[in-house]
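Residue numbering begins at 1 within each chain, and the chains themselves are lettered A, B, C and D in the order written.
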Amino acid sequence: MKKLINAPESVVDDELAGVAAAHADLVRVIEPNVVVRADAPKKGKVGVISGGGSGHEPMHGGFVGMGMLDAACPGAVFTSPVPDQMLAATKAVDGGAGVLHIVKNYTGDIMNFELAAEMARAEGIEVTSVVIADDVAVKDSLYTAGRRGVGGTVLAEKIVGAAAEAGADLATVTALCQKVQDNVRSMGMALTSCTVPAAGKPTFELGDDEMEIGIGIHGEPGRTRMKLASAAEITAMLATPILDDLPFKAGDKVLAFVNGMGGTPLIELYVIFNELKKILDARGITIARNLIGNYITSLEMAGCSITLLRLDDELTKHWDAPVHTPGLRWGR
Amino acid sequence: MISYDDILAWVRRFAAAVTANKAYLTELDSAIGDADHGINMDRGFTAVVGKLDGLASPDIGAALKTVGTTLVSTVGGASGPLYGMFFMQMGGAVTGKEALTLEEFATAFETGLGGVLRIGKAEPGDKTMVDALIPARDALRAAIADGASVSDAITRMADGAEQGMLATVPLVARKGRASYLGERSAGHQDPGATSSHLLLRSAAEVWAGR
Amino acid sequence: MKKLINAPESVVDDELAGVAAAHADLVRVIEPNVVVRADAPKKGKVGVISGGGSGHEPMHGGFVGMGMLDAACPGAVFTSPVPDQMLAATKAVDGGAGVLHIVKNYTGDIMNFELAAEMARAEGIEVTSVVIADDVAVKDSLYTAGRRGVGGTVLAEKIVGAAAEAGADLATVTALCQKVQDNVRSMGMALTSCTVPAAGKPTFELGDDEMEIGIGIHGEPGRTRMKLASAAEITAMLATPILDDLPFKAGDKVLAFVNGMGGTPLIELYVIFNELKKILDARGITIARNLIGNYITSLEMAGCSITLLRLDDELTKHWDAPVHTPGLRWGR
Amino acid sequence: MISYDDILAWVRRFAAAVTANKAYLTELDSAIGDADHGINMDRGFTAVVGKLDGLASPDIGAALKTVGTTLVSTVGGASGPLYGMFFMQMGGAVTGKEALTLEEFATAFETGLGGVLRIGKAEPGDKTMVDALIPARDALRAAIADGASVSDAITRMADGAEQGMLATVPLVARKGRASYLGERSAGHQDPGATSSHLLLRSAAEVWAGR
């Protein structure tokens, strides 16, 4: 295992210390491992929090700040945080207008957030939750754990954060988050596995000429393993199930998000974006906004995911609104 | 009877088993999950062991609840709330007791299992820890009906868990991360069912010959 | 070789097509492979251009836009661009106030830029050049090719771009660039090699427990190979030669830039930043500004570099000024 | 005499040699450089070959200048300007000529070498292409002094380049990327010296038996 770390046990603490030292103007880190907006709580503002395992940086801690999250709860690497964290986060950001929990659809996240929400409600804080489940690689069914929450989470956090910043109430913010969920679809692939620091070796092994299609963001193996293909073929394999699922139609305007899994350089992500543009052009779908980079990662995994969000004026307005976080910044 | 010290010995033995099997459980989880089950459980039970010495009164219910809340607060993931709820609910069923009959133990175990089923919503056959815990419960009930000794009953319970654990191998997962793999999850033993078997095997070992 | 590409020959063209499609509001791509600011030339504004081999993304193409570069010339992967590109760039951005060439100190870059500068001067455009050579891993000597230009280049482009945007004249902009060079030092290390697409296999081989200290940004092997060490030890190995070289002294204010080589996730870069903070604290040096992320990369290489720039009010002011490029954005 | 067609045949043969040795040159460059020398040279000479057919008049100077400017415009890196300048300057020395005496060829070669030295500022022993080109020049001069045939003279020239190339192995580089490696650059053959040897070996092969 080759990583720039001191010890597997201290990765998350060391990283959070680095985040606190680097971005004291934006965030503070409180016990038990919660990244909180420096100026939280803001009286009368709906609090927006999220959380999940570490190893997906900049998500979620890098998205705390003006116009996005009020707090983030990083668990151990690839492990849902504990309810104590979400409870502390909820209390730290509650400005009297209630708190929205943005929860990625994993059994662990769901259960831990639910326990925290119960505790927060017991302390008199109004809490709502929206579950993001946008990964079309997973068959959606009532009898399974359902789809994973992946790239759509980043877009939800930005858009919902803007609405909360603008003063929307808890019901409105919650409905907006659900609207993002209803209009967003994602799919990912890996060229390499990643190595959980405490595990010390790759989660799965891939041959030199193989790739995994349909991976999540936790180094889980995907649904199919196949021979390496060209960027154009890979883009089609990811985009087609996404497009067909919602479905996205000619005339739609979308936000196209090409995400790297942590070990993929930008040059390759632009190659993928170029192929995606061709596919969407051919279907008469307009890329009105885009985001290209490593935003929701799986440690040092090489690979990418594509997320498409169908935009309307409301979503576009909140996407364009100023944001100032360590990981995403514009407009100020 | 099962004493307060027996319960603590059980928890300690399971904690040691988790540490010894940390890499194995993580290995199982890397095949169909995210390679952290052993790490998660070990983090939690290391914290639990640190709490056991500080317990004041010999109250089995309070002790089990402490185990549960400590797990909830330190494990995270799916297994944190599930095992946490298991111990919290089991403890809740025996509050104030210094010793348990086998029948009381069985009832408490069932209450804990009920907590797991309620928050996890898994059905038998979904390829989760439930697939080890339910056969364990059934085996314990059958042993009690047969008038077995504590030692025999708990050993039969552990054997039930072991069979349930082994039976998860061919299953296609419908709950937990393994469900994302669809058909590819078949052929691998479920990590949570494996730790659940260890939980009950530890009990059988502690109470052997009783 | 595992990459998200269509073919080694088309990587750069495909990437540039992606950049053009994604950032049409900021840049356009003209023949022969030059990324030009969408609103160039700006009458009366000094043009600032740079260039170098591809494979370092977002540098340089990702730094074209308001407040930074006016144009960038991407060569083939790890190969200096050809003079035709720098000439086209110079002509495209010349607003009558002259053009500064920011050149990284590599034999190829120096010679190709020099040829281009001669041609541009022959066409009546005033051209100055500043060579960035900040890599302390290379012994500085009159008899060698000298130090490489690495992380300091990113900082120079931002600071100089701000001054040009604010209307400074060519002499002032050139002197400012030299001032950055005089106050900046860097050093890098690698956990893995990278693979030049056309070469198809890693440039060097590293054992599973080895790292290279003193690497450049072209997949060149470094000066020493050694056993993998902790983040704290690695940070000290990079920071100490940097600190001792300028030298940086107690009381200095610095911009601390922790850069990933392309395959290193953010979580590890924050761990390194945390260690760097401890080292600078112990020496009484204040981190007044920081930049943490993958900004000057070597394809998918895992590793990092540290760059320290001694700040004064002038440099700080230009660093803080608004910038709006695909790769770096704040203040608007 | 060396004819216009001889010169074109030389350039074509070198282009073919570059393609054949693309991986080898890149391999040498990956040991002490950035793994692109063969790729760079091949890109340039593929472009050069595409230009040769379009040449109008049988002017050796114009042809060599076209080779040079094409290399400058397509190669990049260090080798682009260096080989570009070599051919441009060599061509400049024989503008308008349809054929060259061996003496004229030698003078033109020296002019090209002068361009390389001027822009690259390398000294002999710096571990660069100069370490192949200078012994080549010296061998050619010696052969002319001995009254050798074109064929013999160019073969001796290529042999000189070969010895110079081999002599780069133990050197510690002081110019080019290899210089960044310091002592670690010793023990590897310089890629540019290797392509320069190929350049002159191609000439010797084309003009063999003349």
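The rule is simple: a contact is a pair of C-beta atoms (placed from the backbone, for glycine too) under 8 Å apart; a residue touches a chain by one contact, two chains touch by 3 or more.
Bear in mind the structure is a predicted one, so any value in this text is a computation, not a measurement.
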| item | value |
| --- | --- |
| Labels of chains that are neighbours to subunit C and to subunit D | none |
| Computed distance of Cα centres, subunit D from subunit B, in Å | 75 |
| Rounded Å distance, subunit B centre to subunit C centre (Cα mean) | 55 |
| Distance between the centres, which are taken as Cα means, of subunit C and subunit A, whole angstrom | 29 |
| Overlap residues in subunit B, where contacts from two or more other chains coincide | none |
| Touching two or more other chains - residues of subunit A | none |
| Graph class of chain-chain contacts, one of line, ring, star, complete, other | line |
| Chains that touch, pairwise | A-B, A-C, C-D |
| Residues of subunit B defined as touching subunit A within the complex | 26, 30-36, 39-40, 43, 72-82, 119-120, 174-177, 179-182, 184 |
| Interface residues, subunit C side, partner subunit A - complex | 2-7, 11, 14-19, 21-22, 54-55, 57-58, 62, 191-192, 208, 211, 228, 230-232, 234, 262-275, 277, 287, 290, 292, 294, 297, 299-300, 302-304, 326-327, 329-332 |
| Complex contact set, residues of subunit C against subunit D | 53, 75-84, 106-108, 111-112, 114-115, 137-139, 143-145, 148, 196, 198-199, 203-204, 216, 218-221, 223 |
